[in-house]
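Shown below is the structure under consideration.
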Amino acid sequence: MRHIAVLSLWIVTMMVAIPRPAAAVPAFARKYGVRCTVCHEAWPVLNDFGRAFRDNGYRMNLGKDEPSMTDPAYWPIYVEGQPHFGFDLVKSHTSPTGTTLQRTGQFQAGVSVLGAIGTLGAHASYLVIPVASINGLTLGFPTAEFRINDLFDSSWLNVRAGNTEPDLPVSRVRDLDLTGVGLGAYSYHSPGSVSKFDMGGNNLGVEFMGHNRGSRSRYSVSVFNVTGSPEKNTKFSTPGVSGHVTHEFSPDQGPLSAIEVGGFASYASWPVGVPGGNAMTSERKASTKYGGEVHAWFGPDALPVHAVVTLLQGRDDKALIPGGVRDGVFNGGFLEVIANPRLPFVVFGRFDFVRNQDQALPTHARDFNNQTAYSVGVKHTFEYTTRAEYALVVNYSLSQTKQGAPDGSNLSHHSLWTGITFAF
Amino acid sequence: MFSELTKPLSIGWLLCTSLSTLPVLAQERPGNPGRGADVYRRYCITCHGERGDGAGEFAPYTVPKPRDFRQGTFKWRSTPSGSLPLVSDLEHTIRNGVYWTAMPSFFPLSERARRDVIAYIQTFSPRWKSDEAAMPLQIAPEPAHTPESVAKGRTVYEKQNCAQCHGDGGAGDGPAAKTETDDWGNPILPFDLTKGHMKGGTTGADLYRVFMTGLNGTPMPSFSESIAPDEAWDLVHYIQSLAVTRPGAGSVQKEKP
Amino acid sequence: MKRISVTTLVATAMALFAYISISNGTRASAAASQGPTGSARVVVKVVLTGSAPARAKIQTSADPYCAKVHQAEPLLSQTVEVGADGALIDALVFVKDGATGTYAVPQTPVTLDQKGCVYIPHVMGMRAGQPLVILNSDATLHNIHPMPVINAGFNIGMPVQGMKQTRFFQKVEPVFHVKCDVHPWMSAYIATFAHPFFGVSNGQGTVELGGLPAGTFQIQAWHEKYGAQVQTVSVAAGETKPLTFTYKGGA
């Protein structure tokens, strides 16, 4: 029982602490003379233009991409920071008023990123984030990738290798929410599972992706080693595979400016031996996830209200859950709305949920460790130029975990994030 | 069995293709300048400026300078020299971008967004209200690209004295090259025809249009009064033959007609 | 399919018609020409006091044809040309205000010649809507590139000797520049008027504004280098009045 509570706390902590670098790249704004609004529906969420640019390997494909074509004064380096005041309140609900487990309020540095990104030649792109830190804690090489674009002169085949983010309905590194809550269905595992595979996180591997002109139809297939597995990454001994396909179309009339539908799936192995034991010799079992999403953009093309519904089902092999008598199955997903009533101003909100369907451990109630999260925020970008930008963000979230507290009662976590984000 | 499986697929395909042909039919629809203003402020303003004067914040750092929309002077047109372009000409430029310049391709945007922003761009010059609609150039179908056509094109190049600006080898180094300015007085160089990728589009017809209608606002005149249509295609073939293939000169994002 | 072919036919026919009407320079409705019918006259003299700048020699070597034409006698700048007794040549003189009548647009074309790699004339006035014949008398490429603000500009390549183009400026417009991008020294100035009372000073620096109705007029002189001056003059029917514009040159 205790290790489950510890695990729940770990999940909550992880959700707060997950790094979110590579959100926006002012280096490109300087290189191409555009503002963030060109590529981002609302920074850091990409719009169609930004996604096509990224899918093209950070190229405009108009003869100005190569380093030799750019101004000598241009350096493909960027800096991001998120100084803020964070307030967190964690409560268990043994009694109606609840018991406070944690109450902290402090000024924090947030995520700071120094990265380099760009193109090497006509067909090669790279992204390296050698220095990133979360609240002063430095991480080494959170993201590094190299991409070969347009193999066989076709945009339908690009290969990216490195520690890269996966292709998903909503990217975690391009999330407007800064409290760290939400998109929990990506990383969730059935209660008791030893697998720490995070579908939404970076994994070391190779991605094959392709798209049509404008990236209205696209696919991505990744083969990777599951990050965080007890075995060394280099041994590639906990393989995983994931894929995502999307198609977008724009009705020419009416209140909808665009609709996108997509489907995704992942399969990730994990050793089932005792953690810390000889993992190399242990058997591997898989956790799987599959689902689909619908994006809808309402209103004007340039100032849309963007709604996303993503639903998925996850399954952890019973062997991943010590004492499990059957596979753990859960359903999850989220509904996200981003409204952009005028250009530098954004309002966003998200409802997240995970509902267990089959508990692997018969001692667990069906709704044990079910999760619900709400997040709302406003963001106003005071200045956005081709050089830099900074924005004020106020963001609140509440996440609830059924029987997640150490004493077995329900757990709730209020989080307030207020501060600025800047990028140069 | 197989056909039963493919049936829903083909229906889905039909649905997709019919949805994607919708914008083609929609070409005639007028854009909404109000919505276009939002599109403009999001994508265009850093170069073309809030007032459409081509003096946005990035303008000082880029050559050629962004288009000043207030005179109704546009380079890439199918209409005679001095005329306003057609809406479809502006759509062509916005959709494909202008190669070798800071003007990107806005192909990822929806057809409607481009139509709306064109309607907004048309509010910057009173000429869009006062000028009569210009008749577009009629382009005859392209004849075969033969060595004879290329050779004939060379004589056209010589007879029309293209070399005066573009140089004997087409490298943009003719005797008049150094002194030329655009209509705003900014120095401008004749295009280097050996570069392998034209600015105004990848097709032969795009090149045909350039010298048969001229590039408004630049020293490049219209030769429609002195080049016959068959000579024009020969000249296209000759200019295409000047291109030196360099790594990276091509692009996989081939323009669709 | 049928509709398309009809549309194409109509479009082609219209294009053909437009082409013919432009290239022939014929106007659809030629109203009876009605010139200046008054009997008042203003004789204007434009004078430059002080010294005129020396006319700079123009380097024409960029174009072998132009260089050959000016082999014996170098081409000189046309910016300031002065005749005997300080007569300032190529000043445009016109009634700026006071010519209220309506005057039919003459159908006889005015000619702008590209000859010896210069424009002839260097400065010209014409009626709005009057045909302008542009002639290339040289065996080299000229591009005729007028840059009006009110009228529609154009830029036509004229690579063949003897090639003629007829064009129109439909609206009244103050002086605008005409350039040839191939030969950067080539420069002409055109102004278009709603009335016939304008002229360019000749070798004696004079312009005769004849056929004026009796009345008070604002008369403007414009020179490429020395700019504009305005004077007011009243003339009675049958009267001839002299008027002198004096520009100050170098010390």
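Order of writing sets the chain letters: A, B and C. Residues in each chain are counted from 1.
We adopt the following convention: a residue touches a chain if its C-beta (ideal position, glycine included) is under 8 Å from a C-beta of that chain, and two chains touch if they have at least 3 such contacts.
Just so you know, these numbers come straight off a predicted model, no measurement behind them.
Each chain gets a centre from its C-alpha atoms; the one nearest the centre of all protein C-alpha atoms is B.
With centres computed as the average of Cα coordinates, no chain lies farther from chain B than A. With centres taken as mean Cα positions, chain B sits 39 Å from chain A.
A separation of 33 Å divides the Cα centre of chain B from that of chain C. Between chain A and chain C, the centres computed from C-alpha atoms are 69 Å apart. Chain C meets chain B in the complex at residues 11-12, 14-15, 18, 62-63, 140-141, 143-145, 147, 149, 152-160, 163, 165, 181-184. If you check the complex, the residues on chain A that touch chain B are 32-35, 37-38, 48-49, 51-52, 56, 60-64, 66, 71, 121-123, 150, 153-155, 213-216, 247, 249-253, 257-258, 300-303, 343, 385-386.
Across the complex, chain A is touched by residues 16, 19-20, 22-23, 26, 29, 35, 38-39, 41-43, 45-47, 57-58, 61-62, 97-113, 116, 197, 247-253, 256 of chain B. Per the touch definition, chain B reaches chain C in the complex via residues 71, 73, 80-83, 127, 131, 135, 138, 159-161, 164-165, 175-176, 179-181, 183, 211, 214, 216, 218-226.
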